[in-house]
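Encoded as structure tokens, here's the structure I'll be asking about.
Labels for the chains are A, B, C, D, E and F, by order of writing; each one numbers its residues from 1.
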Amino acid sequence: MNAILTIGELLLRLTPPCGVRLTDAENFSVRFGGSEANVATALSGFGEKSRFVTALPEGELGQAAENSLRRCGVDTRFCVRAKGRMGLYYYEQGASLRAGRVIYDRAGSVFAQTPVSAYPLAEALEGVRHLHLSGITPALGSYAAALCLLALKEAKSRGCSTSFDLNYRADLWSEEEAKKAFGALFPFVDLCIASSDGLGILGLSPAGTDPAACRAAAKEIKERYGFRAAALTVRESVSASLNRLSGVLYGEEAYFSPVFTVDIADRVGGGDAFAAGLLHALLRGAAGGEAIAFAAAANAYKHTLYGDNFCVPAEEIDAVLRGDTRLRR
Amino acid sequence: MNAILTIGELLLRLTPPCGVRLTDAENFSVRFGGSEANVATALSGFGEKSRFVTALPEGELGQAAENSLRRCGVDTRFCVRAKGRMGLYYYEQGASLRAGRVIYDRAGSVFAQTPVSAYPLAEALEGVRHLHLSGITPALGSYAAALCLLALKEAKSRGCSTSFDLNYRADLWSEEEAKKAFGALFPFVDLCIASSDGLGILGLSPAGTDPAACRAAAKEIKERYGFRAAALTVRESVSASLNRLSGVLYGEEAYFSPVFTVDIADRVGGGDAFAAGLLHALLRGAAGGEAIAFAAAANAYKHTLYGDNFCVPAEEIDAVLRGDTRLRR
Amino acid sequence: MNAILTIGELLLRLTPPCGVRLTDAENFSVRFGGSEANVATALSGFGEKSRFVTALPEGELGQAAENSLRRCGVDTRFCVRAKGRMGLYYYEQGASLRAGRVIYDRAGSVFAQTPVSAYPLAEALEGVRHLHLSGITPALGSYAAALCLLALKEAKSRGCSTSFDLNYRADLWSEEEAKKAFGALFPFVDLCIASSDGLGILGLSPAGTDPAACRAAAKEIKERYGFRAAALTVRESVSASLNRLSGVLYGEEAYFSPVFTVDIADRVGGGDAFAAGLLHALLRGAAGGEAIAFAAAANAYKHTLYGDNFCVPAEEIDAVLRGDTRLRR
Amino acid sequence: MNAILTIGELLLRLTPPCGVRLTDAENFSVRFGGSEANVATALSGFGEKSRFVTALPEGELGQAAENSLRRCGVDTRFCVRAKGRMGLYYYEQGASLRAGRVIYDRAGSVFAQTPVSAYPLAEALEGVRHLHLSGITPALGSYAAALCLLALKEAKSRGCSTSFDLNYRADLWSEEEAKKAFGALFPFVDLCIASSDGLGILGLSPAGTDPAACRAAAKEIKERYGFRAAALTVRESVSASLNRLSGVLYGEEAYFSPVFTVDIADRVGGGDAFAAGLLHALLRGAAGGEAIAFAAAANAYKHTLYGDNFCVPAEEIDAVLRGDTRLRR
Amino acid sequence: MNAILTIGELLLRLTPPCGVRLTDAENFSVRFGGSEANVATALSGFGEKSRFVTALPEGELGQAAENSLRRCGVDTRFCVRAKGRMGLYYYEQGASLRAGRVIYDRAGSVFAQTPVSAYPLAEALEGVRHLHLSGITPALGSYAAALCLLALKEAKSRGCSTSFDLNYRADLWSEEEAKKAFGALFPFVDLCIASSDGLGILGLSPAGTDPAACRAAAKEIKERYGFRAAALTVRESVSASLNRLSGVLYGEEAYFSPVFTVDIADRVGGGDAFAAGLLHALLRGAAGGEAIAFAAAANAYKHTLYGDNFCVPAEEIDAVLRGDTRLRR
Amino acid sequence: MNAILTIGELLLRLTPPCGVRLTDAENFSVRFGGSEANVATALSGFGEKSRFVTALPEGELGQAAENSLRRCGVDTRFCVRAKGRMGLYYYEQGASLRAGRVIYDRAGSVFAQTPVSAYPLAEALEGVRHLHLSGITPALGSYAAALCLLALKEAKSRGCSTSFDLNYRADLWSEEEAKKAFGALFPFVDLCIASSDGLGILGLSPAGTDPAACRAAAKEIKERYGFRAAALTVRESVSASLNRLSGVLYGEEAYFSPVFTVDIADRVGGGDAFAAGLLHALLRGAAGGEAIAFAAAANAYKHTLYGDNFCVPAEEIDAVLRGDTRLRR
């Protein structure tokens, strides 16, 4: 009874080399990622038993996607394979004063077109203590939204704790739609994670990097929706190559992480590392301050590694917290 | 009044390195190709003024696709840019006794969703002497089928000659559907190109590599539909790495090319090189035997080069015809 | 009760690009392989539940090795992690009249230094129906030899069937030593696999490619040691780039596979694909002729793919048996 | 009547990977660039109709060079092909406290050896509203110098506006020679562009990064030679990886751009992006402050992208001016 | 009588691409390095005649290792070839707040197992004016320790000057063992080099970046052991990507280098570049301040280049000392 | 008195990846080669002391060129460094029915412009027993031709034996010019090497692959010019990927090598491997049949390896002669 389950879409990610625009690419690196899958791989790295449920295309591409999770030790036995296309996205990395760019091509994917009934949800929830979802999934269509609601209900009915990362994507739906969909899910959520700049869907102003504003926002979120806790990721974009990252957790009171200044190798999946770090720490019984520090350090550390699939031992995050950057021999 | 126009879909092609399966790929090479576009680039290489009409997505990917043609000297001024997704395909190269594999992901592409009225067809046909289409396009939906019919009619009404490469793709539609669609187009076609193994859509048995059967099939096709000429590409697959390639042209009589034995570097686009070679030779007034030899040699030569975008000077095809493979200094 | 267990050493494999000698390499591709692990990944690809037991170094390299198996779906839960070095080998691919070259650097590896008691053998054998070992393992030292003997005994006592691939490596020990060690294991082996050219350790002359000699050798092996069956892999090395591969199985009578002519992309692991193909076919109840054909085809197919980790669906082997090398769309 | 014409030499550029010296390179990336060609590609990206005139070698290398411009939409119809060698340069990128290095190998190139009479100058100037040249060309020999003078005269006689980027290269000629050659061209130039550190050829002291000195220098240049405007690029080299870039334009009065701090991916072609940005803005009727800001932002943005061929939509420069470096989804 | 001899182990170095962890590597770059060999290549670059003595495995890997030195002009005639394994290490580069990682796999290497008598020490010392060793070698076993002692004695008896870089490696032995071994060698050493943070083996506290503490430590080392001079490398690790580097030399008095701030491309071998720079400067008769500046600049410059084999002309270090980072044309 | 000296030009070689034309290359591999330098590296691999004399540009490129020889153990102490450009060539590899292509760009190179007096010829000939030249050098201009004549005279006056490989390059000069230049050198040549297809400069018909014709031609060459021996390389180009290679030596009588069928990885430098193999064998006292077999096997083996710098142990050629292509473990 100790597995953590995440559910969502896994996308093929196509990325040109650094310093090359999508328009000029001769090669794409091939990775697979998705917010919830990234949380699962990161949790596995931290030593948790993680499990992922999705729908993937039959054949070689679906197999490649599943393999990318299996290699990180994620349990994929409950993934569904069906005819259809692999959702994908193109990712051009930014640098310095050039912003990065994501172009999604996920409409009509096999995940968006798989009905809830196709998933072995009951089996997938067996032995699970925690369920994590994100706000991307309900945006992917009615099937996906229904899957979220059902999974949360089932999880709560079995006594699992739950978490939800808002992850609002403006290209997928309007703030109005998101607000409504999230409202239906919130009653089944214990821990809510949001970005301090992306609170508009909750009707709140961006809290930016101001500690007081972040504290107030986290408190408001927690109390308004009755969550057991709310956490904010805080990002100051000095440039596309340099960010300052931190986090705030509000449970009974507010806990602030240190601020980590990081040169960016790949920023996609940072928020997922944050979520995984927070879950890992809290589920292991860490205190609030320790948990938010671990989460923010995981986020920062992810930024130094290429690719979505972040899967490192917890000791490496501890080294970040110690601030030790000397060569280890 | 000397340009050659081709119309069709341009696809992003994603290919793992040789000897690596799609399932195991860490990198994809990025190319753009499509039967009609390949004909346009090959014609440009041979010294023809070629022009291509398609619909491409706005933004970086559409730009990359257009650039791949512009660099080969293809006139892309009449291409349309619109919101939507880039059609694509995954191509795993075969080798020896392992067959190659193509996985299409083109449903819902911007080309499939662009209505005929969006194309500046009249302008695109100005100064054009020949129009080339292929059987892939009418398979892509009603918009695309209507575009084919309109373009052929317009071209004929302006006195252009026309050609059509059957290019039957079983994954896109049934033989029944193809037969019907082709039937509507054939009255406006002067030169018909087919594969000697893919004559089922015309209700004929595969002609394989047998000269007599090929001659009979080409004659039958020409005469049944009233084309001015019919040509067949002939492929003997010794293995996925070694093919023997030739061609047959039937105009007033039958002309056979030599048989070219070729070690395969990349076989996609071979048929398009054949079509371009045939058009180039015939439009320059070559005799039947010379024309089919040039076409088959272009096909074989294409197999020795990586990528869809085949764009080489006609002199290199002449060298193939001379059988000279010594290092040129 | 349907898993297949293999036990052995997993090695880091370092390979320069094709056409580049070890002396001149600027880059090595990084793979992990080992005869028994290769059998496990191939079985997983064919749809079997496969499990692998080994000892790996703690830290990043051991994790990388384990990940290479997990991604193929091999159950690695019973692998041991300990302090020590990762065994490795350098592999320079041959081509044409240039022979390939393997340089082993596995002495003192963590696998060689892990005592039998460190392995959770009982747990690892739970739910297992078949155990596969190879002659490399007993050559790696007394710990490894003891592990083989214990595993075979335990397996037989639990009613598992067993197989053993001679895999004699002259760089590891003498024929004399091998003969003695194998003799201790043979009483617990049901199926014995050998190379038709490597029968010296059994005191037999090389059988080469001669069917009668191969049949006689397989019969002799089976009967002399009381195996339930014996199989031979047969290789004719036309050049380092071109081989002709086949196999012979002797159960109640002799079964011969077709001969597959293959252009070689990477020949390491071919014998392991043969073993996996044979086990898969026999355990699914295939007849002798069908089984040896599947095994030989798997061997040949492996030669067309780069890397040790051969993991493809059984349908692709079926395509080889059909001799179909046309591009699949 | 809206095309912009640039004339100059196009060079093959050979660059080792980052962090590798020319002495140690195993691979060179292959690009084509040249000050005036870079201006043409950048203008095309900004939406202008740009045209380039040069002489290129016959055969594959000249074709590759021309293709690099065609893919960016530059009109190359008036380029000349002749027997001769391709000029080239080796470029080792600097980093941190290691300076970058350019080694030219352009002597005796086909461009340097092509007489003025070989160029279809009259045709090339048809429909042209602006001509841009740089100080590199007259340094390449008497043919090239004569081409500059003739082109400027012809352009002015047809009512085109003109610009000239000093681009003094100490390896090509002495300050004395440059001064004399420039003096002959200046009467036909409307807009003069220089580097604030490279004013020695005009007999002025380096203006460095001091606004007052830059303003004075630009004013002096404009007034002394009777240009309609003079612009300075301003570069502070914090290190080979970090520069601060800005610009000054003096028309009726002085306009200063913001200062852009940029991490450098590739600094070659920055000045050309500046020139293209300035021309684009001024020819579209932008005010002085807006134009110099766009020019400096284009320069900075170029530094974040690999290669000479800078070809991006004007909207991306606008994003730089807004200072928005967040990931765009 | 002007060669400089260094003796030690040469290791194969395996490094994944930047931003990729050892666990995830698909490719390793292949380099050879070792503290003393690095000093030899750097000295050769600076124009010195350098010579290196080691033991290497027979066959392709040993040849590759020797070639890596020969190409830099190091005299390898006195290297020994014997049966055995190539020592190696895995190096994962750090970045930003992620520390780099070295995993050694050198136990049982051919160098560790070659007895002193196998080396042609007398011949190797002919024509030598200076011998340089490092503290890594005596840690590699009794053979290697004996080789150090004998070489130092022989060198002194022939009138050579000598230097010794402490290079304490905690993974190889204890401080206690090192202290004892070093004590036996110190009587034969003229110049001692240490890291300001690694003085524990001498029973001193870390001197860090504090000038006074560094001066005191260098003085204490020099005087306690009777060296002619002692030098300290000083490193402030702002992050794994950014260091501030300097040095202190204590001869008759203390000399401080400037502090160089460097973005790190590859930090392995920095200390060896420091040692080579110091030896080159002192042996050419540079004054103390000049010598320590050259040494520290060489260290910093090495950090901007990929790989162990640092081999650049002395003029490039002079450019660093001038602080000139502008592009050189 | 046992070194072998070769003299000639060393060129930078730029090659796109296999299957990619020069026109489409994004990357060039960087190698250095030249007929005489290739002979020197091959001889070094075979265990000879080889020495090379040339003139190279100052700076990084000349250093890279020299390093490429030093790493193979070639003595480069007598190379000259001077201001000037590096000669180079572009090499597009052929495949199957596509011929390879070499584009030279060596006019005005530093070698062509270095006068004879600049070379330390006397020192370079000290300790030399054999001098090898090729017909490329006298084609490079009067300086280079004079260098050949002087070197041959000096060598003979010192008692060295000499060899000369005709290596006629039609792009460098006419048959008439070559004939005249060669005539001046022949009196000082002992061993003459030619291609059986390139005998036109000697006024002989191509001997092709016919043994009798080859024997007659070799005999005629030997006797007409009074050489001590003449050797012919014989190549049958089945395709650009497959050649059949052999050789004929005529001393007192004719010796024929076996015919080696080889799949080609890189054919440049094959003739140089032949020359080196022949010299190595003859200088070691091999009999005629043994020598020509070793030479032809070296030629064939070279074709299986990428790059000009062929440097392998003689044992690998012996393995080719044994026809053993099995994997060596």
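Simple rule for what comes next: contacts are C-beta pairs under 8 Å (C-beta built on N, C-alpha and C of every residue); 3 or more make two chains touch, one makes a residue touch a chain.
Computed from a predicted structure; not experimentally measured.
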Duplicate of the C-E contact set - from B-F, D-F or C-F, the pair where over half of the pairs recur: D-F
Looking at C-alpha means, what's the farthest chain from subunit B? E
As a quick test, compute the distance in whole Å between the mean CA positions of subunit B and subunit D. 40
Would you mind pulling out the distance in Å between where the CA atoms of subunit A average out and where those of subunit B do? 44
Subunit C and subunit D have mean C-alpha positions lying a whole-number Å distance apart equal to 61
Multi-partner residues in subunit F (2 or more other chains touched) are 21, 23-24, 26, 67, 101
Name the graph shape formed by the protein chains and their touching pairs; answer line, ring, star, complete or other. other
Once the touch criterion is applied, which pairs of chains come out as touching? A-B, A-C, A-D, A-E, B-C, B-D, B-F, C-E, C-F, D-E, D-F, E-F
Provide the residue numbers of subunit F that touch subunit C in the complex, in ascending order. 260-263, 265-266, 300-301, 303-307, 309, 311-312, 316, 319-320, 323-329
Applying the document's contact rule, which stretches of subunit F touch subunit E when the two form their complex? 67-68, 70-73
Taking the touch rule as given, give the residues of subunit F at its contact with subunit D in the complex, in rising order. 14, 16, 21-30, 59-61, 63-64, 67, 85-86, 90, 92, 101, 103, 105, 107-108
Partner subunit E, residues of subunit D touching it in the complex: 18-21, 23-24, 94-102, 104, 169-171, 237, 239-241, 267-268
